[in-house]
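Following are the structures in question.
In what follows, chain A forms one complex with chain B and a second complex with chain C.
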Partner chain A sequence: MGTWGPGGCGPHHVLGLCSYSNCFREYFVHKFRAMLGKNRIIFPGEKVLLAVSGGPASSAMLRQVQEGLSRETAKRLRFIPSVIYVDEGAVRGQSPAQREQSLACMETLLQATGFPYYLVHLEQLPASILRPGPTTPSEPNVSYKEAVEGFIQQQRQKGYGDQDSGTSLPGPGNGESPEGPPSAPRLPAAALTQELLKLFGAVQTLTAKEELLQMLRIHLILHTARTKGYTKVMTGETCTRVAIKLLTNLALGRGAFLAVDTGFKDDRHGDVMVVRPLREYMAKEIAFYNHYFNVPTVIAPPLPTKRRDKPSFRHIVENFLLGLQKDFPSTISTVYRTGEKMSADHAKPSCESQRCLLCLCALDLDGGEWGGLWGGIRRLGAL
Partner chain B sequence: MFDGVKKHQVTLPCQPEPWDIRNLLQWIKENLLKERPELFMQGESVRPGILVLINDADWELMGELDYKLQDQDTVHFISTLHGG
Partner chain C sequence: MPPPRCRQCPHPAALIRPRCGTPLCGPCFVTRFEAEFLLSLTPPPGSRIPAPAPGSKVAVAASGGKDSTVLSHLLQRLAPRLRLRLALLAVDEGIAGYREAALGAVRRNRGREPLLVLAHKEVFGWSVDEVGAVLGNGSRCTFCGVLRRQALERAARGMGADCIATGHNADDIAETLLMNFLRGDIARLRRTAPPSAPAQPLPPVPRCKPLRHACEKEIVLYAHFRRLDYVSTECAHAHRAFRGHARALLKALEASRAAAVPALGHSGRRLVVTSPKGGGTSGDAGGHAPLRACARCGFGSSRALCMTCVLQGALGGGRPRVALGKRGLEEGP
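Showing the complex of A and B:
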């Protein structure tokens, strides 16, 4: 990780901060486009749902998409973005008034982007979503060009008369989509909130609560993507987050699924693919970018916990890695790059009954099959 | 942690030796931090994962703890730690 500041940019520093920040900005924007360009997964004209929590990383991602769409033709991003925000205020211990306030902040922020957006509540998670969507038949070794042609043909077959549906604000729906004119965001019924709190109350440790929240959140996002016709979802995990997640998930016994849990593309859900375009940005770069270019963020309170010391696996791993990173600045990128070598094969279930309902990965039922997990531990142990 | 206040404009008391970031952090700990100092400080420095910007530049370029504060300096603390 480099150091950022007026002096960190070679000869530019004599010209002052202004030209320095231009340089940093170009680098930052280019990296985003290059990440998408290199992986060639998102098709021109495809509807993409950006999962934005209001935190630094996903807010920076939102800004990158805005930047990418405002560029000259040759460099412009060519997909159709919308944004989704999941209100988790209930499980984060916010009062109804605080939730309303966070929602209003978020709504103002999202309105300013001009993209269509959805504000959804974790309470709105229907029970029926705990099953994978239909897998779209995709030949594995097809070239990007052929894939794009296939995609365009599919769109034509669907008789895409409603082309503009992705670019205009979604109409009034069943409480999931925002109303056209700004109005006070409504909270879900208290009974639903109670149900949700009961579920989280039944979960004993913060580690398990964090996992559960993560899984329910992605299910809700995927459910929305599915019902609204999105085929890709973008999330904002940074390199730092990916490294922390790699080690946390190893500790949680999810070693066999590291590749789908942290990789650039996550196609375990069948019809909707999750893409992580910020994987090569350090949390530090994001923080500096947001600071220099006034990217607005809305900070959600952490999950409440009684334990002060070592509240969860993730906290312990975060402390460990960031503490090492301070004295050994390549720690995080080394863990990240080691994670790149993981294969996603172990996550694929052989049949539907072998699939975990929550994380949709293969159930690891045979005690003898330690391959994925051990492979992961050995590789990370060799750091 | 700081009473929910984002911006603090402070006038530091006079002291014989010039103020540096090391003293400033100690002063913040004693005067501004309201609860759980361990979430902000570790030893005499900030906790790993909290970035320090002195006049919009990374403090790593400015001498970190030894940077001598000047009149009208702005110091930002940005957390990259994840809440949950």
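Showing the complex of A and C:
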């Protein structure tokens, strides 16, 4: 059967549905379910928001959820998914026509899944978002079973009717879009787009632009999750993406927050937890899966660059890791496993006033060696 | 466009500082560099960074290269002011064509401090070239580095030094962090953050790295302006070293944003690694495994036998490669 390690031997020939692909599919699906089952974070009947970018990984994740929900009752995944797609076309240099086209493609794709979906634009991020959100402290030492029962109690009290039994799921064909334009996707007002472009124009380096985009995107997704009552958000970071993020964040000075930035569960936001179920999949496996099982994707263009721009950290690290991976095939998984050993202990703030408004982690202000000596001291006496 | 002026004085600028872009003339740069050096020797209290106290004895690890030459020069200038007693320690690993010229520079730069030269061959019975002959194609960096550090430790303890000062610069520290991440070396990553309590029962001599904030370019510039005499040959085995990959990544990151180097240093200090599983005796908050005494030589070790003894045993037993793998650490010589 061969091994399916990173860069390892995949099926040697691609002839439609060859016999290898079933084994591969079983392996792929099993990994997803094992990831969710092992971590026991998602409660049955819980509302989960899937953050889909149209890229290969999140599209594969969407397909996994679809398949997982449609199995026979005993093995079925038992949460209630909805999908969110954030249109970043303005920042990515797409013309309004291109943006409309991407949105139309995504809408068709999402309608076909039958899940409720939200198409939001990055411009719609309200400025009020940069305010501390409510925190629900998680109770330690509660077993999964007790947590599920507590959750179901909570849902009953809120009066969600029979949703907590997990049986009433939106069936296929229910293209309900709880918030979104009725027929053709509409772009936001030009003034809002200009504001956003001005913000990004003020940022000098590509590295900073990418970080800003990530931050705004997650804020918007969380805002949507909070206002619509979702308690979990699933994002499609793969093993490759996690390894890249680990090294990039080290270079950004975020060594204290590696665990929340890349771990399976990210609970710094308090009431909404971000979950990364694809983090053990290599990018190559996703690519094989999407190819074999015809998973549709809508690829967004990268951030536009000028000739004088220096490459961003993410870009440098990606090239480096993929290059090293060719000679040392365990590079990416080694970096990933190292990242798994990081602890989230000091990443979460002790109280709201100690929380960074942008990244929502504990303020890392203990300057000590970092603050004054970087770049040189202003006023010094002679030796 | 007129040439830039020095930020501090009316003279024309001789250089632009790599990290903050400040133009400075030679003398002003030298002043700033020296002041920053002094500041790094007086870390804020409670930061757990080792630094020599007034009146203490400092063993300076001098290799003849640019970092240790700048380090020993600056410590020699500062010694009366900080009331430090210095001694120079040089290690001869036995790599032909590399160390002799550098040791010459150490001897020339020495003031009135005692100088002790240790040879791997004398202390451990094997020079790195001899190890290479036995190893064949493998990397000798482990043998060279572990034995060198042990030699420094033994010499410093023997002369009663209170701390060992090494010339590690900001680039070195950043490279080490990247390298340990790439290799998955959790044990070393745990030790990146400063320890909260000295290990018992045999604490190693504290290491102090006063140049940890200086970037390599500035060290070279300082050595140039002060006309310091050093030797900058690259080790003949450097092309095989894994560090080369980490270095390539660091240089690319630095070219994109110079602040990546101190940011990596900061990340390293703030790393929180999960505690070792099932640790019997409690480690401290940083999750360090407690150090104990090596069963054979008595120096600090995280396992029953220290790495030096394991390597020596493996070499003596004719199986050097075993020591480099996992089994060597479990079986021992």
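Operating definition for what follows: the second predicted complex is superposed on the first by the 322 of 383 C-alpha atoms of A that agree within 3 Å, B and C clash if a C-alpha of one lies under 4 Å from a C-alpha of the other, contacts with A are read in each partner's own complex, and residues count from 1 in each chain.
Operating definition for what follows: contacts are C-beta pairs under 8 Å (C-beta built on N, C-alpha and C of every residue); 3 or more make two chains touch, one makes a residue touch a chain.
Here the structure is a predicted model, which is why all the values come from computation and not from measurement.
> Contact-wise, after the overlay, does A:Leu252 reach chain B, chain C, both or neither (first, second, both, neither)?
Touch status of A:Leu252: second partner only.
> Looking at the overlay, what does A:Phe313 touch: chain B (first), chain C (second), both, or neither?
A:Phe313 sits against chain C, while chain B stays out of touch.
> Could you tell me if A:Val203 is touching chain B, chain C, both of them or neither one (first, second, both, neither)?
It touches nothing on chain B or chain C.
> If you count the residues of chain A that each partner touches, which comes out higher, chain B or chain C?
C
> Give one of first, second, both or neither to describe whether A:Lys284 is in contact with chain B, with chain C, with both, or with none.
A:Lys284 contacts chain B only, not chain C.
> Both chain B and chain C touch chain A; at which residues?
312
> Using the touch rule from the top, collect the residues of chain C that touch chain A in their complex.
17, 19-20, 22, 31-32, 34-40, 43-44, 47, 49, 77-78, 177-178, 180-186, 189, 212-213, 245, 248-249, 252-253, 255-257, 259-260, 262-275, 287
> With touch defined as at the start, can you tell me which chain B residues reach chain A in the complex?
Residues 36, 48-49, 51, 53, 56-58, 60-62, 76, 78, 80-84 of chain B touch chain A in their complex.
> Within their complex, state which residues of chain A touch chain C.
Where chain A meets chain C, its residues are 205, 207, 246-247, 249-256, 258-259, 310-313, 316-317, 320, 324, 331, 334-335, 337-338, 341-347, 364, 368-370, 372-377, 380-383.
> Can you name the residues of chain A that touch chain B in the complex?
On the chain A side, the touching residues are 3-8, 17, 55-56, 92, 206, 210, 213, 240-241, 244, 283-284, 286-288, 291-292, 299-303, 308, 312, 314, 318-319, 322-323, 325-326.
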